[in-house]
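Below: one structure, written as structure tokens.
Think of it as A, B, C and D in the order they're written, each chain with its own count starting at 1.
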């Protein structure tokens, strides 16, 4: 799985002394944007093509806490791409202890930038479609085989 | 369902001009804290009892956007309580248009404040347990009947 | 002074157990938007006139902490308006104890929404200019007299 | 000046398409924590000594906007240290254009972690005091000479 790593910021913690649960969605976004930039195309360029990729679904399990002073690693993959919808999966680990802290899945879809109409990338941007198709990797499906 | 209402804040919007998806978890937290204060006991008092209620699971669907200038309403209910776990359900509506914008479920559990050990409220705080039990309301189960 | 009031949100606290210092700028924004809506015109309508009001300067003193469970009150006023620049002053109090927690000043200017060119509201929107002029109130200058 | 660099995150932008002004205080905190870790001692270790370093004053000028897709650089220095108070200065540049976007100063003081009583590091932690003294660098004072 592709990975993204950084330290916990002080301002991301809450009164419990741990990363506030809402901040995981921000961390996953950071990881996803870095993944796009490295593997596909920087997101601002996708926007310039007139396409945006809003958020439509999320599922998450919070397993253990991350604290200020910890470094985390996000392992992630695009595990499904329908031509309109992208399904990502993430595992967030505490790099200091190796512990799994957070598991999540997010679903996104491609729309026009102007009026949020769903875009089938297959037709509108076949090259982007092919590259996304080639990036799909489902480690969980592989494990099951 | 119990409801919580307020205006969208400017700082909650992102480059798309809509509430950033991570902020829904903050809005649901606000609603949940207000629900506790009105129906059960203010959360700071629960903390004073030595109990905290961390986040353990979430599931959400993002249906339409909320913008700066909009007012939203969160309809919510505690639909299941096991003695350790609380399951909440939320529907977020745009008050101006009536449109359903966001559907979510969150699960929380009771632990000791000191060392995050699961607490069975039934044994440790029977009165709190009874009040929580009495608050359980599952509108979706009712609909099905 | 005009005032804005609400409870501290859990997600606004940090590892110290108090409102993270960056959140005061968000709270002041909330207060300012509510002030505009009540006294002048809702901010989204100003945007529709083709004008936005970016942030250009801030100064703040952090005097005591606000915690989850506290209610705060922001006393604020527009104390200077040059036709392009608006100068606001804020005092944030803990409503439970009466203690002054935060003192701040922010400066904003009017620009075109499209290309961020400074706009002299006096010429472009004389009515808005007059209303802003009428709202100027400098309690500190009065005290000195 | 010491420098800290990273990309703008999508979730840091607001409806104007630029970094929300409140996020500069978060960025400066990130830079300060990285500065401490590299030049002094990681902040969690300072906390373990029973000391924390709250925020007491800030002053900032917002000169131009940072957008999603931009990389920024924070040049910073500790320009004054009184034994209790630390005064930092920051210049935030757009790395892509070289433009100066933000100028800020922040003041912090050392207190006990338990009850927020001011601590004179000179007496309580002479070694920390000496290291902080050695780090003081006032580039603006030098320029004037």
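Everything below uses one rule, namely that a residue touches a chain if its C-beta (ideal position, glycine included) is under 8 Å from a C-beta of that chain, and two chains touch if they have at least 3 such contacts.
All figures in this text were calculated on a predicted structure; none of them were measured in a lab.
Student: Need the most distant chain from chain B, centre defined as the mean of C-alpha atoms.
Tutor: Taking each chain's C-alpha mean as its centre, the farthest from chain B is D.
Student: A-D or B-D: which has the larger count of contacting C-beta pairs?
Tutor: When B-D is set beside A-D, the one with more contacts is A-D.
Student: List the centre-to-centre spacing of chain A and chain B in whole Å, with centres computed as mean CA coordinates.
Tutor: 24
Student: What is the distance, in whole Å, between the centres of chain A and chain D, each centre taken as the mean of its C-alpha atoms?
Tutor: Whole-Å distance between the two chain centres: 30.
Student: Hey, how far is the Cα centre of chain B from the one of chain D, in Å?
Tutor: Chain B and chain D have C-alpha centres separated by 36 Å.
Student: So which bits of chain C are touching at least two other chains?
Tutor: In chain C, 10-11, 22, 26, 29, 68 touch at least two other chains.
Student: Take each protein chain as a node, join two nodes whenever their chains touch, and name the resulting shape: line, ring, star, complete or other.
Tutor: Per interface graph, the chains form a complete graph.
Student: Along chain B, where are the residues that touch chain C in the complex?
Tutor: Touch list, chain B to chain C: 9-11, 26, 29-30, 33, 42-44, 68-69.
Student: Under the stated contact criterion, what part of chain A meets chain B in this complex?
Tutor: Within the complex, chain A contacts chain B at residues 16, 21-23, 25-26, 29, 52, 54-62, 65, 116.
Student: Inside the complex, what are the residues of chain C that reach chain A?
Tutor: 10-11, 13-15, 17, 20, 22, 67-68
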